[in-house]
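In the two complexes that follow, chain A is the common piece, with chain B as its partner first and chain C second.
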Partner chain A sequence: MAGFVVALVLLYLAPVVLPISEYLHNIVGLTFMFMAAALAWNWLGGFVGQISFGHSAMFGVGGFVAVRVTLALELPFLVAWLIGGLLAGVYALLWGHPTLRLRGPYFSIATIGVGEATRLIATYWSGFTGGSSGLSLPLAENPTKYELYWYGLYLLAAAVAISYWLRRSRIGLGLLAIKEDVEAAGDVGVNATLYQDVVLFLSGTVVGVCGGFYASYQAFIDPQDMFSFDRSIGFILMAVIGGIATVLGPIWGAIVFVIIQEFLLANYSELYLGLYGVLLILIILFEPQGITGLAQRLRRRIRRPARPPAVAATAERSTV
Partner chain B sequence: MNEVFTLAVSAILLAGFYSAMAYGLGLIYGVLRIVNLAHGGIIMASAYLTWQLFDHFAIDPFLAIPIALVVFFGVGVAIYLGLVRFLPRGPAGAVQSLLLLFGVWLVIRNIAYLLFTGNEQVIHTEYATSSVRILGASFSVARIAVFGVALVALFALHLLLTRTYLGRAIRAVAQNPDSCTLAGINVERVYVLTFGLGTALAGLAGVLASALFAFTPSFGASELLKSFVIIVLGGLGSIVGIATGAAVLAFAEVFSVYVVPPYLTSAVGFVLLVVVLVLRPGGLFGQRVLR
Partner chain C sequence: MPIELKLLDDTTDQAKAVNLAQRLITQDKVNFFLGTYSTALVEAQSTVAEQNQIPYVTGGGAATSIYAKGYKWIFGTLAPVANLADTEMKWIAEQQAAGAVPKPARIALVWENTSHGKDFRKGVQDFTAAHPGDYTVVTDESFALDGKDFSAILSKVRAAKADLFMVDAHLPDFITMQRQYLSSNMCTKILTYGARGTESDAKAALGQTGVDYILSAVWWNKQLGNSGLNKEFVEKFTAKFGSAPEWYQALGYEAARSLFTAIAKAGSVDRAKVREQLSSLDMDSILPGGKLSYPPAKGGQADYPFVVQQNLPDGSSPIIYPAEVSTGKGVAPNPACKG
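Right, the complex of A and B next:
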């Protein structure tokens, strides 16, 4: 908890103190948003174990609703993000409530369908999304990329807080039980349907707000980008790289993802699918807990000579 | 009336292709409890293989079928031995295999982009545009040929699964791997061969798809989804189940032109999936699909 507050304050003040370029500053702000989105994906994909290949649907809904609300009602952007997020959460419940009774691969494939169907509808519903030409935000109403750094940080802080709450609270225990065995969880009084709906709604809402943030950041959105399958893959990759089902892992995953995206792939854009594919394969085969698992392994190796019976301490740490 | 007849025949022809497409996915899932997310990628790769064979060696797509079967049987065995074998069995393995095979799909797609670019490809055979008339309505020769091949493939598969030692071993392992070990069946070998067989069937579907559709490296996503819808609708138990699931999907898609704009045709399968799951969580025939 203390570490969380310290990190927050440091990141809040960092741009004032550190002489980083404006480009890097903006990228860090965008990374905060990706971190929040990856954490939100992880609540469903990691904590409940329901891998979603369709989270771009909520990202897009959040983004487009936020832009439409801004254009039509001239509301402040924070309110617009929130409305976009809430509607994205409702949309998530709309398809998720019936499909969440499916487990494992069945649910995952259904989400591929959700993502594709949403993308098709959004692309052809040009009255709302502007079709292939997209929508632009009026610059006057919009915060600058420079200011968005701090809003991204708030977004991240909220996502981290919810992550801890979802893991530490009674709901968190219920989610672990659901992940292990739905029927057994039901037998001991866990309302699996309600718990999963709550998690999906939270996940969809936060990803929707992230979509609104992204729309403000780009000042322009089009459905092919917002609803693309690649975007859904992005959320999965960040969580898996960082450590699926860990509390903070997706944050590290998002950093790696953005570094790959912005700096390595800028010159080799034709290789990005394959690179992500190879990363996925390697992580699943050798370190299913991603960066978090790797860090734990290293820490154990360093500490082992000093204190051999570190089993209890490791078990405690493995929840973080 | 005539229009309804034309659409119905189209749906039946499409259903043939769909059942051939779904069987590979269903076989692997039934035996290994793994959803082969690379299924769509294999279909796409096989379409490109067929195109290359046609372009460079003038091999007719339908004559390329044995080649594709052998090649993709090998690919499947390699994917199993090189990757899938190392995953844990059970629910934990199910999530991991999903992500792993998704990674394989991404790699296959990237290789296709590098080799053939993202441009759309079509195989121009001499009979691609020719058609025959049945009861006053005309149907393309390629679609009828695809339907015939699909029927033959399903029948051959049925014989393999019911009349040979390997087929019986596959069905036994699908029911209970532990007992199979006790009965002296080499379960690991059955897994390898099943994965190879399922991938080879995806290869067959790719050849057939290349005769019907234009394709790009992204081709295969909706094929994966549709295959899955068919499995859920029809169950994993039998050829009849798969064929029924394929027919339901094909008819729903073809006749949806009366209800929704054409660009939403590919969303029909998904809507069907959700509706069936809500109304009959066990699939059309009441078999358990959840765990």
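Right, the complex of A and C next:
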């Protein structure tokens, strides 16, 4: 926890102290948001084991509600993000409460349907979303990308805190039990429906707030981008690359995701999608725990004391 | 003044378009910015240009909504899509007066659900409202960009027994819809997809008979002139790329040329000075009307007449309207329709 606080303070002060370019500053701010969204996805996909391909639905709902609230009520952007996030959480419950009864691939297939249906509804609901033309935010009242760096950091801090809480609390233990065997968890008194609903609501809310942040960052959003299937896949990739079901893994996954995207985006615009695919295959085959698993393995290897030759030989014989 | 062009591909992805614009401006420190193609992407990129106060000249965004936000740093070479619909309707009105199109004519109006499509719809609606009794809109349907299946819309159009099938679509949707239109044996007296129809990609995908008699109104065509600026542009382009330019390339060319003209007039790369020059620009152009300006009253969007073309079975696409620049005669009703 101390390391987490130190990292936060350093990241908070970094733009003031270090000569960071404006471009890097903006990209890091956006990366904080991706980290928070990936962590939020991981609460459901990693901790509960319910892989969602439809989280772009909450991202889009949060973004569009935040923009509409800003335009109609002229509320401060933070309040608008929060309202967007809460409505995204409610929307997640709306489809999630019935579908969370499904397990494994059945739930995942259902989320694909939810994501695509939401995208189509949003595209045709032009009175609310602007249709394919999207919505613009008034630039004068919008926070600058420079300011958004710190708001992104707050968002990340909140997501990390919730991740730790979920993992270490009674709910976290309940989620582990649900992931292993939902019926057995029910037999020992874990209210699987309630726990899953709580996690889905939290996950949807934080992803929705991230959608509001993204809307402010872009100052223009349209349904094709906000609700895209690629976006849902992006959340999954970040979690898988970093270490699915780990507390902080998705953070490292988001960093890799953004670095690949930014380095290859400009000159090899189609190559980076292929690279994600290759990375995903390598991780699934050789390191299912992603970067976190790899780091843990390396740490164990470094810390392992060298064994005396006689002991090693005895151990070898005993395994034959 | 030496000019370095940094060219990046946004793969028609809105998030990438914004990220790349930001990268060009904040990291590569470009002085000026030539925009992307298609309304949604231009709309997204224009916010980046406005936030960074950098002149942004685009040859790829025609919707009036882009220029109605009060932004000061965006300039568009594409005239409004409503003008496009209006010009097509004027040619159709001539055919109606000549008895080639029924009166009242039944219009099936199908538009992509974007600012672009809404402008087209408005152009048709304004024209029909100004000519009461001459037209009846029997179908008024929208579709989402990048559609895969238009069969439901086409069924409605067929059931409505439309005489005029008037669609506004971008190239991929045009090709998909026209393929489904042909495969369901539909045939309307007049068929248009707005600005689409003459593209070589469409002919390659649908075959010559698949695009015969399609009406289109475009911002530029090489038949507009065989002298002066037009001749120079067509010759240079053909020599460099081995094929004649279409309106897409012409509008990009004019976007760049107007920016360079403004830089030359400003005598520096000072962004504010170049923006002022773009605002007051009035230069000779290859576009219809022969002039290009970015009137502040229209939010920096150029305003000039369109030309109407029609694909003919011999592979040509003459300009058929307006008469003063026409290079051929249009055909109505569609002779391919039986009965």
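We take it that the second predicted complex is superposed on the first by the 304 of 320 C-alpha atoms of A that agree within 3 Å, B and C clash if a C-alpha of one lies under 4 Å from a C-alpha of the other, contacts with A are read in each partner's own complex, and residues count from 1 in each chain.
The definition used in the following text is that a contact is a pair of C-beta atoms (placed from the backbone, for glycine too) under 8 Å apart; a residue touches a chain by one contact, two chains touch by 3 or more.
Since the model is a prediction, treat every value here as computed from it, not as a measurement.
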Next item on the list: Kindly say whether there is room for both chain B and chain C on chain A in the superposition, answering fit or clash.
Entry: fit
Check: Is A:126 in contact with chain B, with chain C, with both, or with neither (first, second, both, neither)?
Finding: second
Next item on the list: Write the angle, vertex at the C-alpha centre of chain A, between the C-alpha centres of chain B and chain C, to the nearest 10 degrees.
Entry: 70
Next item on the list: For A:225, decide between first (touching chain B), second (touching chain C), both and neither.
Entry: second
Margin query: Contacts for A:8 in the overlay, against chain B (first) and chain C (second): which applies, first, second, both or neither?
Written below: neither
Notebook entry, point to check: Regarding the shared-chain residue A:75, is it in contact with chain B (first), chain C (second), both, or neither?
Noted result: neither
Note to self: Tell me which partner touches more residues of chain A in the superposed arrangement, chain B or chain C.
What the structure shows: B
Check: Of the partners chain B and chain C, which touch A:281 in the superposed model: first, second, both, neither?
Finding: first
Check: Given the touch rule stated above, what does A:114 touch, chain B (first), chain C (second), both, or neither?
Finding: first
Checklist line | Touched partner set for A:21, first chain B, second chain C, both or neither | finding: second
Margin query: Quick check on the superposed pair: does A:144 touch chain B, chain C, both, or neither? Answer first, second, both or neither.
Written below: second
Next item on the list: Please work out how little space separates the C-alpha atoms of chain B and chain C at their nearest point after superposition, in whole Å.
Entry: 5
Check: Which chain A residues contact chain B in one complex and chain C in the other?
Finding: 120, 124, 270
Item checked: Interface residues, chain B side, partner chain A - complex -> 29, 34-35, 83, 86-87, 91, 94-96, 98-100, 102-107, 109-111, 113-114, 221-222, 224-225, 228-229, 232, 261, 263-264, 266-267, 269-271, 273-274, 277-278, 281, 289-291
Next item on the list: State the interface residues of chain A toward chain B in the complex, per the touch definition above.
Entry: 49, 51, 53, 95, 98-99, 101-106, 108-110, 112-114, 116-117, 120-121, 124, 229, 233, 236, 240, 270-281, 284-285, 288
Next item on the list: Would you mind writing out the residues of chain C in touch with chain A in their complex?
Entry: 8-11, 13-16, 18-20, 22-23, 26-27, 39-40, 43-44, 47-48, 50-51, 63, 65, 69, 112-118, 142, 144-146
Notebook entry, point to check: Hey, which residues of chain A end up touching chain C in the complex?
Noted result: 21-24, 26, 120, 123-124, 126, 131-134, 136-137, 139, 144-145, 218-220, 222, 224-225, 262, 265-267, 269-270
